[in-house]
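Take a look at the structure set out below.
Chain naming follows the written order as A, B and C, and within any one chain the residues start at number 1.
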Amino acid sequence: MILPIGPIHPGLKEPLRLKLQLEGEKVIKAEIDYGYVHRGIEKIMEGKTWQKSIYLAERICGICSYEHTQTFAETIEKISGVQAPPRAQYLRVITNELDRIQSHLLANSTFFKTLDHEVLFIHVLDMREYIMDAIELLTGNRVNMGWNVVGGVRMDADESHFKPILEKLDVVEERFPRVRELFAEGPAVALRNKNVGLMTKKEAILGRAVGPIGRASGIKKDYRHDHPTYQDYFDFKTIVRNEGDNYARTLTKFDEIPESISLIRQAIENMPKGDIRTPVNVKSGYAKWQGEAPRGEVAYHIETNGNLIKHISIRTPSIANIDSCAKFMLKDVASVSDAVSTYASADPCIACAERVSITDETGKTVNKDFFEVR
Amino acid sequence: MVLNTVKDIVRKSSIHVCIVNCGGCNGCDVELVALLSPRYDLEQYGIYVHNNPREADVLLVTGAVTEQWVTNLKRIYDKAPEPKIVVAVGNCPQSGDVFAQEGGKVHAPVSNFIPVDAAIPGCPPRPTEILSAILAVGPDAIAQRGREKK
Amino acid sequence: MSSLMWYIYDFARKAWVDGFANAKSKPEIVDMPSRFRNFPVVIKENCIGCGACTASCPSPHAIKLVRDEDTEEEEGKTYPVINQSSCIRCGFCAEVCPSEPKTLECGENHFILPEFNIIPSSRQYVVDDFLCIRCKKCIKACPVGAISVVDDRIVVNQLKCITCGDCVDVCKVNGAMKAVYLDNIQEQRKLIAFVVDTLEKFIESHKDDLRALEHNRLLQYEYPVSKLWNPILEFISDEEIAKEILVNAVTRLKIRVIDWNSEECKKCQLCIPDCPTKAISFDEKTDTIVRNEDKCLRCSICYQSCSFSVIKYFLAKFSMEVNDNNEEVISITVKTSPLISHIEEAVQ
């Protein structure tokens, strides 16, 4: 039989329809229906100035809103042939990593919610609040930060901002090992996670899984290593696991948090002095650029016409991750509740993923499988 | 289970909430999830986020009504039992926010489709703003619709 | 096992007991950091009514400029009003506000250095150096001091310009200060080319009138705008913008028209080598001189080299007017080239 889940469902944050094909209790196959949150952001951006478009890029997704603005700004900087000053690049790293931590914590907490493990859910969510405080302190808003501009960052930060941020990171670092241990070594939790929602490396490559989802299946790819700022000034290691199950995916996200904290500490320690913004005279041209969002690779292709955006196309990590989740992870799952938690472990972000809507001749929206779209 | 029965008895007089994301950027939903954290602790006020429209007293609508929700929003609203109130969280359900421009595929505001009792402005509103708004309108509005006030 | 231990340990902690006993939100959760961008605060007194905030706002319905009613003592004040259900709290309006001190305050955004406050606008203000009479009225009118004299030329500093349009209002010379739309330059070019083509064809269609025209006499026509309107809207759908471009194109437009009566032509072929663009050629089949209109520069050299005064050369001027039937028309005035009178004077 076919069991539809969603678009409104206790286990899902965002509207999306999961069609599970069941045989008894067992899930054999899953299918995903998109199209509930397509807003047509790219079309709105066309013909708008870059100053306005950056706010639209921010509102592509509420969880990884920061990385979208940074990639957008860096693409326009590449077109115009300028680079943000070193201090701005360091400040961008701090905000980016804070955003990554909160996103991973949120993703894991929703995963624990679907597992019905409320203790971990509450503890992880409580840790996240400290990071949100740090973000609000630095940028002025909790979610849509409005922090990046083409050519640098909007506001400077000084000791009065760094000190509270470091204090909050201390709190998170102190609590973090216990929470991680509870998940990693708790026998009851592990039973529901290990060997559930398996995705091998081969399948992950086929499904083009990116970010922590791909890294949990053994694909060692982190776009931060290709990023000039991270490459030149920062030292961090990529977390790779080979199991490819829910357990590995959750633990990869957990293990990336200390790396991000250490990156923030490095950035604050070695913060260079100087300007935070350079004036940019945006040229006409075309450029593409990738960045590592909390969920994986974000790619922007922008064509500008002077100050105006002529054409823009955005590729977000979730579209590949959700599809590899439906194709490979939900292939052979023992029960429906496991299927929901597997879906949550793939860290889906629907608002990101809904970038295209495919219409048939009559103009009716038919969102098809990602694999057929190619 | 015994615990669940006890929970259910306690929750009987509380407000059940269902979050309906009809096409936003996800930011408001994240802030609603943050409300569950111990810092804000939504449940101490007797508010229980259940995400099931059939049991909901309050529908928290976020997002700017995309193509698919034009018909489905009314269906969800009809499924919730009376008495019910609708709270629009964030700017999207009120005005369409930045998406209500040329090229955007949104049909804001939500009040064109279902009656809205209260609205919380902000993009997104802070958790405390959402909390105070729900507490300000929630119990009274439900009492007005015939349910006993706690 | 460790998870069980963890639970026991957690329950035993004093903090947990305290938290359980008085579960209450701490008052500091309402505290906002100093940088928190709340809805912008409007300080009416400082507003200069430039409209920079509305031009820069990324949300379409968030800011409106309103004007109080005039009283007997003074004019009503103009100031922005924030629509809270649309405002995304980005603080960009506070950033770009050019007034001193700022009209809009939002978080710490209004402290950002003014040199980066580039207002996103679909228009760019440029001075036509050829027409500018350097009266410097625009410099006085500019509320932010973006216009200055550089090398004896009036220059608009695009980084400072807030695109309020005051300079265009005060400019005495029609067309000296231009507000150029940036987003659809290609379409604008097509539109203007289309209008010029249509008007030239219209004049050339009155061949008999042109050939009978004596010098020092005028030919006057009216071309209704409504005939142009539909094709124009195909290029640019926004009526207001299209209208403005049309008006700008037509006032100050001069077209030179070249015409000859091929029956009177003596086929001497003197004009062919003189043409700088090789636009004139001799068609042997039909035994006529042919002019390629796309190549022709309308430079009048052929007219000067024609020994038999067959080639005629006219100047046409245009202006937008409203005729007696209250419909908008382009009024066309055609006269013969002043060169004729010069030559005739010389002959006499």
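Following the convention adopted for this analysis, contacts are C-beta pairs under 8 Å (C-beta built on N, C-alpha and C of every residue); 3 or more make two chains touch, one makes a residue touch a chain.
This structure is a prediction, so every number in the text was calculated from the model and none was measured.
Asker: Along the graph of touching chains, what's the shortest path length in steps from subunit B to subunit C?
Answerer: 1
Asker: Which chain pair shares more contacting C-beta pairs: A-C, or A-B?
Answerer: Between the two chain pairs, A-B has more contacting C-beta pairs.
Asker: Could you give the separation in Å between the centres of subunit B and subunit C, each centre being the mean of its C-alpha atoms?
Answerer: 46
Asker: Find the geometric centre of each of subunit A and subunit C from their Cα atoms only, then give the gap between the two centres in Å, rounded to an integer.
Answerer: Here the centre of subunit C sits 42 Å away from the centre of subunit A.
Asker: Indicate the whole-number Å distance between the mean C-alpha point of subunit A and the mean C-alpha point of subunit B.
Answerer: Each chain reduced to its C-alpha mean, subunit A and subunit B end up 25 Å apart.
Asker: Among the residues of subunit C, which ones contact at least 2 other chains?
Answerer: Expected reply: 32, 58-59, 88-89.
Asker: Spell out, as numbers or ranges, the residues of subunit B touching 2 or more other chains.
Answerer: Those would be 38-39, 97-98, 101, 123, 126.
Asker: Among the residues of subunit A, which ones contact at least 2 other chains?
Answerer: If we look for residues of subunit A contacting two or more partner chains, we find 55-56, 59, 144.
Asker: Once bound in the complex, which stretches of subunit A touch subunit B?
Answerer: Subunit A residues touching subunit B: 7-10, 12-15, 35-41, 43-46, 55-56, 59-63, 65, 106, 109-110, 121-122, 125-126, 128-129, 132, 142-144, 349-351, 357, 365.
Asker: Sort out for me which residues of subunit B touch subunit A in the complex.
Answerer: 18, 20-31, 33-34, 36-39, 50-53, 63-64, 66-69, 72, 76, 97-99, 101-106, 123-124, 126
Asker: Which positions of subunit C touch subunit B when the two form their complex?
Answerer: 19, 23-26, 29-30, 32, 39, 58-61, 83-89
Asker: Which residues of subunit A touch subunit C in their complex?
Answerer: Touch list, subunit A to subunit C: 47-52, 55-56, 59, 119, 136-141, 144, 146, 149, 151, 154-155, 178, 181-182, 185-189, 277, 279, 305-308.
Asker: For the complex, give me every residue of subunit C touching subunit A.
Answerer: 1-3, 6-7, 32-33, 35-37, 56, 58-59, 88-92, 95, 107-109, 112-113, 115-116, 118-122, 159, 182-183
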